[in-house]
Each structure stands twice: as C-alpha cells, then as structure tokens.
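In the two assemblies presented below, chain A is common to both, partnered first by chain B and then by chain C.
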Partner chain A sequence: MNVNGLSGLNELLNELLSLLSMQHFLQNQVSIPLIQPIIDLLLSMPFVGYLVALILWKPMFALLIFPGLGTLMAVLLFIIWFERKLTARIQWRKGPVEILRQAGGVIQALADGMRYFFQEVIVHRDAHKPYFLQFPILIFIPVLLPLLFIPAGSIVGIESPYSLAIAVALISLIPVFIVAIGWASNSRYAYIGTIREAFMYFAYEIPFILAVISMILLYGTADMVEIVEKQNIPGIFLNPVAAFIFFLTTVMATSRLPFEIPEADQEIAFGPFVEYSGIMFGLVMTITYEKMYILALLMSVLFLGGGNGPDIPLLGNLSGVLWLFVKAMAIMVLLSFLRSIYARLRLDQALRLSWNTLMKISLLSLAIGIVANIAFGLGW
Partner chain B sequence: MEEIVLDVPVQPPTELFLPVPKKFLEDAYKGDDYLVLVGPQHPGSGHMRIILRIKGDVIVEAIPDPGYVHRSMEKLAETRLYIQNIPLFERPAIMDTGNVTLGYVRAMEKALDVEVPERAKYIRVILAELSRIGTHLYDAGILAVFLGHTTGFMWPFALREPIVEAITRISGARITSSFIIPGGIRRDVPWNVLEFVRKTTFVLERRLKSFEKIFIKNPTVIERLKEVGVLSREEAIRFGLVGPFLRASGVEYDLRAVEPYEVYDSLNWEIPVSDEGDSYSRFLVRVEEISQSISIIRQAVNELRRIPEGKVISEDILQEYAEVASADIRGFFFRVFGELTLPLGEFTSLTEASRGTLLYSIISDGESNVPYRARVITPGWYYLKGFMEALRGERLADLQAIYGSFGYFPPEADR
Partner chain C sequence: MSDDSVDFLHSGPLAPLKKWGTKWSLWPVHLVTACCGVELAHAYASGYDGERLGSLNYGIARQTNLIIVEGAITRKMARVLKITYEQMPEPKFVIVMGACGLKGGLFWNGYHMVRPSDVVPVDFFIPGCPPTPEALLRAIRSLQEKIVSGEARNTIEFEKYDLSKINVRGEQPLKPPSPKHYSPTPPIKVDVPKEVDWSFGKKLIAELKSDLEGLYKSITITDKNRIAIQAEKDDVVALASKLSKRFDHVKNVNVIDIPHEYSFIVEYQISSYSVKELMPVVVNLFARIPRNNPRFPSLAVFWPSADYLEREMYDLFGVWFEGNSAMGERFLLAPDTPEFPLRKDRKLREEIYSEVE
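Moving on to the complex of A and B:
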C-alpha cells in the first residue's frame, strides 16, 4: 500500500469522524429558546453533552422524538385511552379510571402492555413458528420508516424529491405483512380474516393512491417539504374531493368502523390475529393505531398545511412540530368518534362502495388536481 | 360395610366429534366448500356450535349443535315441589321472568281450576310486559354488538335499568322475581310503586327516541339487516317460527290475541306485523312491540286505579288463611303451597313469551306433590329450525346479523 492510498484512507476516516463530531450535530440543531439555558448547560457536560447534541440533531430528533418513536409511543398511549374514554362517555359509562386515578386512568394502555409482557405467548401446533413470531416484529419496519420522511416544520429525517411516494409505498407494505401474519397463523378464522384483509387492501389502495397522485399533480412535486411550503391555502380547500377520499380510505386502511371488516371480532374473532397471545397480541393490536398515526400525519401534511401555522418564537423549531402534532391529533380524535357511531359493513358492501363510488370520485379528484395546479399557478 | 369402588377409567374423546353425517364432511373436503365451526367458544355464537359449510363467502348449509347449556330442567322438575318449580323454570330466560313464570303458573291454575283476583291479573300483565320490554332491549343490544355497534349495545342495557328497578320495587328482586304464584301474586303492589312504573314508561319512551337515532335508523345498520335472512310467509309457517319472528314474515298470530289470557282481551293494543320477513323487519317488529307494551302497561296502571287494594290471591288456594294472607303471602307460603297437589291428568298452557310461544305441559298422578312429568318447550327451540334455514344462501358475515335478528338465546332453547 503506497502513501497516497494511506492518506486517502485517512481523509475518509477524518471525514467520518467529522460526521460523528459534536460540531457536525450542532450545525443542524433543533433550537428551542424556551429551554435553551438548560440545553446549554447539558451541552457543556462531557458525555451528556454529546448525547444531547446527537438527540437534538434534526434527523435524529425526527427519528427519536417527533414524529418518530417517542411521539409514536405517547400517541399510542393517549389515543387508546382517549378512544375508550370517549366511547365510554357516549355510552353512559366511565371508561378506564382505576390506574392513575388522578389523571383519569390515562396510563391504562401502559398497564395493559405490562400485563401482556408477563403473559405466555402461545404458539399453537399448526402455526409456522418462525414467521408467526417474526412478522409482528418485522411489521415495525414499514410502520416506522415512513415517519422519517414526514416534515415537521424544518425538522425532517430524510429529505428527498420522492419522499411522498416512498412513504406511500412503505405504508402499502403493511397489509402484506398482515396477510403474512394470517398465513403463518394457519387457522380457519385467520384464513378468512386474511382474505378479507387482502380484499380490503385492493379496494382502498387504488383510490388512496389516486388521491395522493392528485395531490402530487396539484402541488407539482412529491417532496413533502415543498408540498408544505406551497400550501398558503391548505390543500383541503384546493382539492376537497381528494381530502374526502383520503379520509375515507384512511378509515378503511386502519380498520375503523364501519370498515372494521378484516378484524371483525364478533364475526371472525380478530381475523388474522386470532391465534396471538401475550405481548405478541399487544404488538399486533397496536398496528392499526400506528398506521392511523402515520396516515393522520400524512393527511395533515397533504391537506392541512403540515407544520404551517402561527409561529411561536419561544418554541423555535418546535413551533412546526406543535402545529403538525395538533393537526394529526385532531384527525385521530375524529377517527376515534367513528367507533361509537357506526355498525360494521359487510365485505361485499365495502368492496362495492370502494370499487364503484370511490373509484369514480378519485378519478374526479385527479382532474381537480390538474385544474387546480393550473388555476393557482403552483407550477412544476 | 365394605366400600364398593368403581374403578373404570374415563376415556375422553381424543378427536373432535361433529354430530353430522360423515358424507357431509367428506363432500365438503372433496369439493370447493370448507367447514367453519362457529362456537361454542366464539364471541358471536353464544353457547352453541353452528357447523357451517361455506362456498366462497356464501353459506351452503348450516347445522346447529345445541345443548351446551342443557340443564335437564324437565327432569329436575320431577324431584321438586310444584311451587319450587317456579324459580326453576324461571332460569331458562331470566330476563323474561314475568312471562315464563306466568306460563307455568297458568298450567297449574288450569289444573286447580282457580279464579285469579282481577287486581292480580293486571299486576301480572304489568310484570309480563315489563319483562317483554326488557327482553327485547336485551336482544337489541346483542344484535347491535353482533354488528359491531357498541353504543347500540350499551344503551339498551342501560335502558333495562329502569325496568329492572321497576321490577325490584314490585317484587323485591332485580331479575328473577318469582313473583307470580298459583292463585295470584305474592303480595299486593302499593299505589306509589304503580305510579313509579307508569313514570318509567315515559322515561323509556324518551330514551328510545335517542336510541332510534343512533341505532335503529343508522344507515349502516339498515344496510346490514335489510334483505338479509329473508323467510317468506309460507316458509315461516312451514319451519314453525313463533312470536315476533312469525309476525315479521306477515303472519298475524299472537297468543295474547288468539287465546287471550289474564286481561289482554280488555286492553287496547295492536299486533305489529311486517311483510318483508328479513332481519330488519324482525328487529322492527320487536321495537314496535316495545311501544305496544308501554301502552299496555299504562292502561293496566290506569285500570288498577279503580280496583281496591287488598286482595291479590285467590281464596280457593288460600282456604283457611284467606283472611290473613289474601294481600300478602309472607309467613304463610309453605303452609299454603307446601302440600299443593294437582289433580290427575295432563295440563297444558300456551303463553306468548317475549320471543314467542312458550308451552308448558304438566302430567300429574293426582296424589304426589311433585309433577309426574313436566314438559317445557321454549320459543328458542321452536324457531331454531327457521333460524338455520334463514342462514342458507347468505354470506358468512350475515351469520351474526341473522343470529341477532332472531335474538336466539341458547340457555332458553336448551332449557
């Protein structure tokens, strides 16, 4: 090895080290004026400082805090509790109250999760054991990855001109995993549930993608950061038809009533997930809520202006985070309402609705998207 | 004495046994069809197994496997006093307490040939109609949860609470009141309680309006129930449907009108009938019956205003205790009824229970104080055949909708 090669390696190593250095993280840091003194104090400490700088590095912040893992967990905790509490209020009941009475039982889902941890995971004789145990964990890949592409103000994990397309493609992978879960379960009800899931998947996916494409045509870009920037008027006013389809297909995709068909617990006893127990059931049960969170974020980016909103100087970069969070939560709360209002439709009725009516309206939304792009001069 | 040990090991079945012809299973496995066993541990089946043969998504054949909650009530009745059988026969359908006890007591009264005081008759009708409303609300709740509508499940159950409270104030027990006894009722009901019952009907009426908005007129509910599980008029008669399910198929047959018992002939009420014969009409007929029952209760309370308090048990039954116990049997119950013996013969009564015709048949040997043989046929058992026929040709998801529309209650059918 000659000297030149060695120096080349050295340069590469130096570059890598500079990427991992604290200075590199600090260049692209989340600024929060409200707690800046505390951050400064922490940054001055030897080891903690590095960790804090890493966490506050914008891509890492998107991955770990918002819209990534931390918020996802908090939202899961909250929305399960909120849905139960809201349903209970409508049904003249009290809902969860015993665990942390002072806060109205808000950590009920956490307690349930802990209980799941200590329950036995039963793998029945007929199951395909490796897949049966793998898929509920592997499904977190398509669930968590789209979160990286969603911009919250200036905080975004990965910027790409194809970010919307990638996010939608990853979300479309989730039902494939659910079908695989049903296949690995190898039971009669799981089989029926899997077939229902597959039917529903085809039924909602096409109007859903058409609605997304109509928004791409409207904004003239598939980069979510640009899409948010271009929304002086929120997209819901530019293309209300696409917003309606997106909302309805979100309801279908997350198995909310009246389209809770693949999981129909009174008919096929949780369909693909019928054989799961213990923490595995806990994991598969939360899939739809996680999907709901992603789709709510995507909907607020596409139709409600994402992180746009009145700037709050004290929060700095977190201002956009706050607005995106509020919008996404509003959509999730709206979705929670459906549970206590509607009965479950039959599979063929849901299919007729989506292949017939929704398909027609989604084609209309495509046309609206093109017209609105020209009319508002949003350009390409 | 030497103890005799029975040392025969029990051999439980090693494989799942299905009480269907072998050919049925073989045909299903050879062809495109597949079998789905719904129940008995299924969230939407109750204590019954339904063996379904399915082609694609359509039910080709449905075979019931009932009997999981069979408690051999008819045989148990042979070892108990006539009067002890009242709470026993109440058990099959505990929501329907008024009607099921009324049927048994009327069979006994037929045998003893006693005339019931008019006041007792009206109070019995009130109790029977309260139970009818309670049962219909219970069934509406089960139908709702089968369709995934949890609000439609919780509201009727909450609505049952005023009814349960009314039954408590009348009889002292929330569910199993055992209030109706041969010759009358256990004790007279004071005026303020009757007034409470009348006010309860107004509460029910008001609350039912909001229930109508959220569930009965809900578009998704109508979509699920309309034109599902249709039984024509001829089919309904051929398969032996009873009660509201027969009336939903266009047959105007109600035992309260055909063979009036108690005071049903002196009250004004209508028989709700529908011609469609689908699941939705089976549900609507029962909803309409609730409002008819409310009207019957109000009329009965009004009639009770003019009948003086104090005499609710027949003198033929009380005999020497007639003076002390005619308004309240407490303290004299087993002195009066302990040695009750029915004359020789077979005595049958037909009652219109909430879910349909309820038949009691008692055979007495004329000397013992227990029945020689007692026969109960509950409405659930009568319409099980029609229920299974309604499933044929429908989709798998419709199983729960049809199940709920029939309000099939396995403990009632199995007895």
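Moving on to the complex of A and C:
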C-alpha cells in the first residue's frame, strides 16, 4: 500500500475533524454579553457544551435560530394569530381569546396546528398521489434556502457575492411549486386557482426582478452583506420608486388582499389548496406566510438598512438580529393590515395594473438606480 | 353517534394534545340550508363573536371539522349534507340548529323533509325557532366539554313531573289527540261574487260574455280586478283559444284537491302584459274534473308559460295535462319523494307517543 496516499487520507481526516471540533465553532461564535456567564457555564459541560458551541456557531445560528427555522416558526404562529386578531379588532370583535385569556389568545395558531396535525389526511381518488403528498414538503427547499443568504448584522449563513441574485432566484421557484400542487390536486377549483397563480406569477415577477436589479445597480453589488454596509442612508430614500414596486409586488407575490386572486376563498375555495386536509393543509397554507417572511426580510435588507441600527452593547451580535427582526415584523404587520381593509381586485384588473403601470414604473426605478449610484458615488 | 371521533381523541399517549387542539379549533363549514343561518352569522359577528372560542367559519369541507346544520333539511339538501360530511376529515362533529332540524318544526310532516339525524350522526341539538346566538355558542361550549370529558350532557336539567298527579279528570291518563283529525269540510267555492265599484270590470264582463257565448257556465267578479270564469272541462280549449287573443300569459296554474266531493278544481290565472288596461286584471279560468280520472287539456299551446306550472301540478297532484309532453316525469321533486304528495289522502307519518323510563 502507498504510504503517501495513506498520510494524505490522514490529513484529510484531521482537517475534517478540525472542522467539526469545538474550537472551530468557537472561533466564529455569536457573542451575547448579556448571557455570557450562562453560555460559559454550558460550554464547560461535556456534551451540552459541544451542542451549545454548535448552535452558537454563526452559520448554524443563522440556520436554526435567526433568520432560520426557529424564528420562522415563531413568526408563523404569531402572524396568523395577529392577522385574525387585527381583522377582528377592525370589525369590532375580540378575535380568538378564550384559549389563553391572560395573553389575548396568542397561542390560537398553535391549537389550530395541533388540530390539523391529528386530522385525517385525505388523498382523493383523482389526485396524483405521490406529487400531491411530496410537493407541500419539497416546497420548503425554496422557502428555507434564501434565509441562509440574509445577513442579520454579522450573522449570515452563506456569504457570496451573488447572494441577492441566488435568493431572488430561489424565491421565484415557489410559485412553480404552487402550480405543481394545483396540478397534482386535479380538481376544478384547484385548476382555476393554478391558472390564476400562473397569470399572477408572470405579472408580478418582472417588476419585482427589475426592482431588485435597480437596487443592485444602485449599490453596485449583489452581495447582501455589502449592501447592508453601504446603506448609510436607507435604500428607501435612495430609490423610493423601487421600494414602492418591491412592496406592491410583495403584496402580489404573497397573495395578500387586494391581490388575493389565486387563493380567493370566497370565489374558488383556496384555489390550489382546496383538496388538502389535515397537516398537509397546514403546510400549504403557511407557504404564503413563509414567503411573506422572506420577502419582508429581503425588503428590510434592501431598503431599510437590514441589521443597521443603534448598537446595543449588552446584546452584542444579537443587536443586528434585533433590528432586522423589528424591521421585518413592521413590514409583515403592515401586510397583515392590508388584508382586513381592502377588497379583492379582479384578475384582469390586477394584470392590467402590473403589466401597464408597474412595468413602466419599474423601468423608471432602473434609471433612478443608475443615477443614484453615480450621484452618491457608491461605486462598483 | 359520532363517538368514533371522541374515541380517537381520547386514545393514545398524545390524547391531551389532541383534545386541546380540537377543543379550541372547531371550524364550522359553510353549509347554510335555511333561515337559522342568519343567527349563525349573528353569532359570529361583532355582537357575540364566536371566534373568541377559537371557532372560525371556513369555506371548504376538507379543512373543517364541524357542521352546523342550520334548520330544515330537504330531500335534495340531505344529499348535499351527506356529501359535505363525507368530505370532511376525521375527527368531525355535527350540531343541528333549530326546530326544523329536530322534528320538522314549521314543516312538520312535510313530504320534502328529512331529519338530519337520519343522514349524519348528530352531537348536539339546539331547539328554538330560531335559536338565539347565545344558544349556538352554548352548544359549541358543550361540544368543547364533550371533547374533553368524552360524554355529551344536556345543558338544561328539566324538572320531573309525576304524570299521574296532573291527571285530574279521571283514571284514564291524558293522551294527546290523534293527529289524524278531520274537521267538517265546508264546500269550496272559487267564485264568490263581491259587489265592487269597478266600472271597467262590468264593461269587460259584458264583452267577455258576448265573446264567449255558450262556452262558459258563469262569469263573476270576485273582487276588484279579479274575474272568475267557470267552465266545463271539454270547453276549456275553445275558451282558451278565444281568451288568448285578449290575455297573453298564465300567471299561475293551481289545483285544489276536494276529496269529500271526489273532484279536483284546476285553475288557470291568466292576465296580460301587453294591454295597459288589462295589466292589473287577473282572470281565473277554472273547471272541475273527477278525482278518479284527473285529466285536463294542456293550455301550454296558447300560453307557453303554463308549461312548467302544469308539470309542477302533475308532480304534486298527479293531474295529467293532456298535450304537455313532459307528463309522467319528475320535474321539481327529489327522486325519493312520495308520489303526488299534496293530495289530501296521502298517508302521514304517524307520531307515536310513549313514556321513556
């Protein structure tokens, strides 16, 4: 046997082990001065210490805590409850409250989730069974991956010079999955809803991408970390037109009212999702809310300065996380508010709006982006 | 009873979670069959706000777990109710609202009525016509308690009376009167004359009398703008061909069943849309036919609007309109409705009273 080859393998193994070692995690650790003593205590424990180091490793923190899974779940539970509550308050009602009177029924979405979880999942005879069951789970790939590219202060899952482009490309995949879901459902309402979704997809996607490109031209880079660093003045003041387009297309993309055309429960009974029941409906129903969360994060990164904000020394690295979270939540609350105050547009009205007006304004935003890049000297 | 659902919620180590989730998330599907739906809307609007209990009205059967049957269920809607129930995923519950859902209520013993408890397993009944929103919310509360405790309870405990003591008249216990109670039947007159100040009517009658000479038995003014023409069955076609020049449509076709005189009265209410003076005038053209051979010439040739009305009368009374091409078919009634349900000699479902221990 070749001795050199064996030593090469050995080196590779050592390198791999060093990557998985606690020291490697600790080099790139989230620092939180407020609870540092507790973290130190936990790190000194034999097995728990390794886990804590792993979770506090910045890429893993981005994946699991913020902006990844943990925050996503919490936001989902909160925003669904909040939307019901807000609608109720606007209609002079109380909204869900009896489940937990002390906190205004804040765990209502959790109870609904539990009920969904234990309900029968019906796969009707006409459905394409494998796709019908696979797509609601596969859709988490384009939903969760963009979260890794979004920087929260110094915490970022994957750094890349093309992170914005990759995130937008992944987000654009979500409607494809929704169309596939509608196709697999194979029912009349699902068919109508799918067609509407496809129409809306083409209508909002072009102004949306043009707005993002105008911001790339403005900042001179597609790296979101750099974009956040360059925003001494928030992007919404540099290019308000692009911000407006981005907001409006977000409303369309997440099928909020007044553009809740593909789902339209009063007309076509939740369109593509009509045949889903039990936990599968729980999964597909949250897609738009997840998309809303990503787009709100993206919007706060592009236009509101991301994790920029007054530094709070006690929170350390979490300071950026806090600011990004606050900004994203403000946008989501605004989007929820739209639901209870607007009526629904017809499909042709929405299409005319986006192909005519939005397309023209988004071309204008491109020009503004180029001019602002030169005027503010943001460089390439 | 839908105890399968409750059994499922009470089984396994995750039972507390299942019970908790289902208890606070009872979503009724939109299936508004009758007027109690107004009370349902009221119960979920800003006054009472049923959403406080975590209950949310939802559009689609697949994503809900509760049906609130609002009132009367007809034979046709029974099918819809069953399909909706079958579409819903387990565990699922049913609340029936209103007197109609209990025993028929206003439509008691109607030929078209179905008891919801014959179609789907019912968890709770709410009596009332209609029940108040409070009563509906109380039923939802009771259902929540049933989900947690596993057994359905009345929300009201009635006082118990000793029936033998309230019987003061004699030894025989009081019995409710038989529902088959015939009242003495007065002769039925369709053309009761009435003196009214209607000069145009008198002129019109004179014209009609000279026009229809020899075809009618009598022409009377029964009220202002109302004229009744009695005729023999054999003369009706000739009468109609003459009347159709003056009057252009049939408003209504009606059959009166008179079992004690062994006859039907067939009425055609005809009027005009084209002549302004005749617009308010309704002429009632009627004839008697024997009950054992109910045949009548169809007048749909002269007035096309009579076609559907004749079919409906065949559905309900079995009067055969000769010349109408759709005779012998079901028109409006559900396939399983008893034959000719509005005939007075149709057998009713007998109510049986018995003491429950």
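Quick notes
In this text, the second predicted complex is superposed on the first by the 380 of 380 C-alpha atoms of A that agree within 3 Å, B and C clash if a C-alpha of one lies under 4 Å from a C-alpha of the other, contacts with A are read in each partner's own complex, and residues count from 1 in each chain.
Assume contacts are C-beta pairs under 8 Å (C-beta built on N, C-alpha and C of every residue); 3 or more make two chains touch, one makes a residue touch a chain.
Since this is a predicted model, take the numbers as computed values, not measurements.
Of the two partner chains placed by the overlay, only chain B lies in contact with A:345; chain C stays clear of it. When the shared chain is aligned, chain B comes close enough to touch A:257, but chain C does not. Once chain A of one complex is fitted onto chain A of the other, the partner contacts of A:92 extend to both chain B and chain C. Between chain B and chain C, more residues of chain A are touched by C. Within the superposed three-chain model, A:269 lies in touch with chain B and with chain C [touch as defined at top]. By the touch criterion defined above, A:84 reaches chain C but does not reach chain B. Of the two partner chains, chain B is the only one that A:188 touches; chain C does not reach it. Of the two partner chains placed around the shared chain by superposition, neither chain B nor chain C is touched by A:11.
Under the contact criterion defined above, the residues of chain A that touch both chain B in one complex and chain C in the other are 91-93, 265-266, 269. Here chain A touches chain B in the complex through residues 87, 90-93, 188-189, 192, 257-258, 260-261, 264-267, 269, 339-349, going by the rule given at the top. Chain C meets chain A in the complex at residues 9, 14, 17-18, 20-25, 45-46, 49, 51-54, 56, 58-60, 62-63, 65, 87-91. Interface residues of chain A facing chain C in the complex, by the touch rule stated above, are 84, 88, 91-99, 105, 108, 111-122, 265-266, 269-270, 274-278, 281.
Within the complex formed with chain A, the residues of chain B that make contact are 34, 36-37, 42-44, 57, 144-152, 154-155, 158, 214-215, 218, 220-221, 223-224, 395-400.
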